[in-house]
């Protein structure tokens, strides 16, 4: 800082908001006596055009190079005045504000006290502004591409929107096929349109879209960098099937020596698949995959005289030598759409899910009623002795939701409606069955929800208010022990089938994604958004957005809406082609840094690394800041014993004089 | 201590929660003592514990550091570091005989204008009871 | 000059005449003797070998305000320089040190801060009967009963003190207390001779500095410096406790918008002592700093003022945390000559 | 410990061409004095010795050597430094590793199991120091003071250094070479020094420290001798910004001592050097040990034990104590 500071102090009346309690003239006179202060004025509204003009003129006439505005909170008008002084030709960071409104005139009554305090605040501002440094905020190019993690409906929708806007999208899906949970659903409430029918076209689109690179059966290994410039590493797991050769004919699965021996993930374990398989008929990509856990050849090293699949495959697509493959690419933004896990019903042992085959979960019910399901849509259950068509069916809601005992205090938002939907579907299939729903509350808040709920009740589905305490077997029947809390009568309800309306939970593998992107969790353990109201799809990490149930339980329309929101947010840096990185970042004095790495440990953004530099012929380690990653919080600085790392405009040498002024000025 | 004594308080507030909370107190016209002057920092994690000592040495009778509630830090972890560092400093200063009523730390969120008022009142009241901290003043000695 | 006798019964009364009037004498603080003010009614005991910290700060405060000013304002305010002071019980080595240091402050110009203070001080010395473990005053031009720099010398004769005025200031002190004093007889003077002679013989450590001042320049690059400084931790103990070390730094202390320019002790053993703004340091390691310390005392000062700037009080030896022993260093220097 | 074995091992170590020099203890110039010695060749090893007088922690020298600018093209001497450590000293080595002050491959740690050191000041106070050379030996629950062939038995507790009474790690926690067999841990005395101050009320404590800090002459020996104060440029010497004025008065001295103690919180390994070297006899150990106690008891952390530990001041636990927060 070579030039001598010339400070202008501008005390705002803010109409009477300030001047009514603070004697602004006295404050200005006081300011004028402080070192380096050339001009001190008051004005009715500093933020107004004439107010700003006043400052700009003084800058020109008096050659001011520092400006102090004593007015409202910097959180209000700092940008305004930064812009103003910049227009007048001085660095926008040569501004300091004294908050004499929110922190003074509005909270104190005594005029003398308020005036005295304002003086101090101005004095402190003078002490600091003299030592401020000029800063330039930098712009860096943004990679016009996006990464979408998870190819459920949220991921698919986000990918399609971004791709349609003309940007490259890398869509990464853990499982062999896109589609996610929605693909497993039969019909969707409240409109009852077939889930597959509306989803499949989108699945096909995202596979065929010229701008989308679909990486199925793949996992993100590493994400480095920052908004505009994320470096992504993805592991494409070996399918042992040549992706290009496979025609999806299915001969291999039919020929497999361990044909239909393994529970099908897609059918919730109710159906079976071979070791080489397609998760479900409409799977995209329609390419077979060998499950290394169940394939004889891969586990035992031999499969008869030789793997049957290899033998029957006309296309010669089977390739047991295939290895995992790492693909690396750069993107400007990331959308996390990793979805949810259904609540594991065995965590409520009192409902006997693990003990009785005819106690099933909602997801299983979806497969059971689905025409493409394991039973071809016929509702058959095994009651332990025989397979029967259930006459008496009970649904239980809020299983694993609104339940502190399993650590889920939140409402899963979809169970009320999917239970109603399933009750309706059952009614179609079993016209004379007795269907009842045990519930705590019915929350039919969405568009068409209440109407649908009414309709289901008119279809003679009984809603009984009560939270079952226990399910046990009596003869061929299951007994639901429950109290009807409306009539206060204890019931022992004998049924053939119990459907548990399980809720939604954060994915078990949440942690990996968090570490990958430095995301945090909200109390319900779902991903935390940047602001619950105003930034619901953003995260604390710039350029990383959330879509769908990974942020909290949602139904399909909400998920799609959020996906579109995330997509358009993600497209902002992509479309601009540039990202602005803050100028108020930390900087290291390498000559005093002792390379202890405390700051590296402290930085929550991994913005600091130790690098080896040559200090007059000696190799020494010093900290170095990646300005694009640094958010300027300054935690590193307070932890630096040698004071070597300092956040610009909040340096110790700028703050200590402030402290002195506040303590000393009387 | 005589009631005539008005303590001088220096407060360090994080930009995102506590400073906003204090702003809210203003917009909702919550009244509190004028003894407190705020220094804005981006994060409570920025507050070098030695600031507290420095403020007391340079004329403050009490010091307050306030940040976001645990888990709410705009920078994810800054307030956790602040908590550990300032907790240590408090212990140390107490051991050398600095009245614990001279230093407080608080979590005040952007929506807690009223809590801010209470925190200020508590801080000022405690400092008033502790009295003027002449013993440690820099300028009082051979100036 | 007249020699008077003060019987020890009268010692309290003698002290009483000056106590409370900015009289300073050695007092036990914790486990160490320090010079501190004697209040009325107090009677300092004079059984001690020497104070841990020399009384040099009486004329050369560790920190002193040169003037005060305000930022952005040209006027300066000068400080008060203090009042008359009596240092009672100062050892001859420390008194000698004061006259040695004074040469520096009178050298190219008269330093007002030092000299004004110095003139306000009356030094009442106490000869050493029991030299300390590391005393070697007699090797460097001093003696247990040296009067150099003193206004008045007291010799402990057992049941009485022999008081020899050295300067008019000393005479004035005797005058002030003449009602308590009697003229010293010949046997008193005899036992004084005996006692100081014995004291001299009790000095256990010696330095033979013949040839060292002239010889040191030749040893500039001698490996001995690296050897003797290897374990130095670069602290200021030796220099701050040295009665003849007189280096100071000048700094501006700013607080808020007020400031003072002050000078404070500095130590040539500190790295930043010789550090240039450019970042260059002509004495970059402890080797050069240790060499400088010895050269300053046994070469440069002799060169300029014709006296060794070491009075052999032994403090630097007593309190060096790593046993850097100036007697040993000088022995090695001698050896290397 | 067998001195012959010590010197033999040392001679072998310094003879390795990947070793620059060895830092150990030698007899001082007189009396009870012990001096650090830098041994550069096998011959020099003869000076080395180990006795109850080797109270000093030599670890501080690992970071003290000045790195002078090298002429272009000249290679820096990357050879290892060998260092003799007691239990407490070895914790400083570990802490330096944690803080990357040194790298493991730069040091050869020679561990000396330590039966407890004397407090030299205490010894001199009780048994007048002479200019003659003196020997001190361990002998069960007493020390043997040998001077002019005369032998004097001194009860261990009478002159045992405070840090040793409180020692929890008499055996090195890290070493490449261990000299002799590990010693048996003795019962740790409770820290009366710290405790008795705790019982004082706040104002009594203030005046206690006021008196202590007023004695400080700011010679910086406490800082310089500390193995963990190894910044190139200490903030307490800085002028811009000025954290603590160079002026010597109660206010600045207090600020200096608070800053110093705070910077060592969660780092101090309680070797007691600061207190030993203080020419003003300020009980600095109390400050550091108090903080160490807090860190141990409230935060369950102990520095200088695990080389892979996260630095205390650069980490946190979500459940760190916060009872003091409004």
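Letters A, B, C and D name the chains as they come in the text, with residue numbers starting at 1 for each one.
Throughout what follows, contacts are C-beta pairs under 8 Å (C-beta built on N, C-alpha and C of every residue); 3 or more make two chains touch, one makes a residue touch a chain.
Predicted, not measured: the structure shown is a model, and the values here were computed from it.
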item: Chain pair with the higher count of C-beta pairs in contact (B-D, B-C); value: B-D
item: Per-chain CA centroid nearest to the all-protein CA mean; value: B
item: Centre-of-Cα separation between chain C and chain B, whole angstrom; value: 47
item: Centre distance in Å when chain A and chain B are each reduced to the mean of their C-alpha atoms; value: 34
item: Centre distance in Å when chain A and chain C are each reduced to the mean of their C-alpha atoms; value: 72
item: Touching two or more other chains - residue numbers and ranges from chain A; value: 591, 602, 639, 652, 656-657, 660, 663-664
item: Multi-chain contact residues (two or more partners), chain D; value: 68, 242-243, 245, 247, 249, 313, 315
item: For chain C, residues that touch 2 or more chains besides their own; value: 63, 254-256, 258
item: Topology of the chain contact graph, where touching chains are joined (line, ring, star, complete, other); value: complete
item: Chain C contact footprint on chain B (complex, rising order); value: 58, 138-139, 142-143
item: Residue ranges of chain C in contact with chain B within the complex; value: 63, 65, 68, 255-256, 258, 260
item: Footprint of chain C on chain D - complex, ascending; value: 28-31, 33-38, 56, 60-61, 64, 66, 68, 121, 125, 129-131, 215, 217-221, 223-225, 237, 239, 242, 245-249, 273, 276-277, 279-281
item: In the complex, chain A residues that touch chain D; value: 591-599, 601-602, 610, 615-621, 639, 641-643, 651-653, 656-657
item: Complex contact set, residues of chain C against chain A; value: 70-73, 254-258, 279
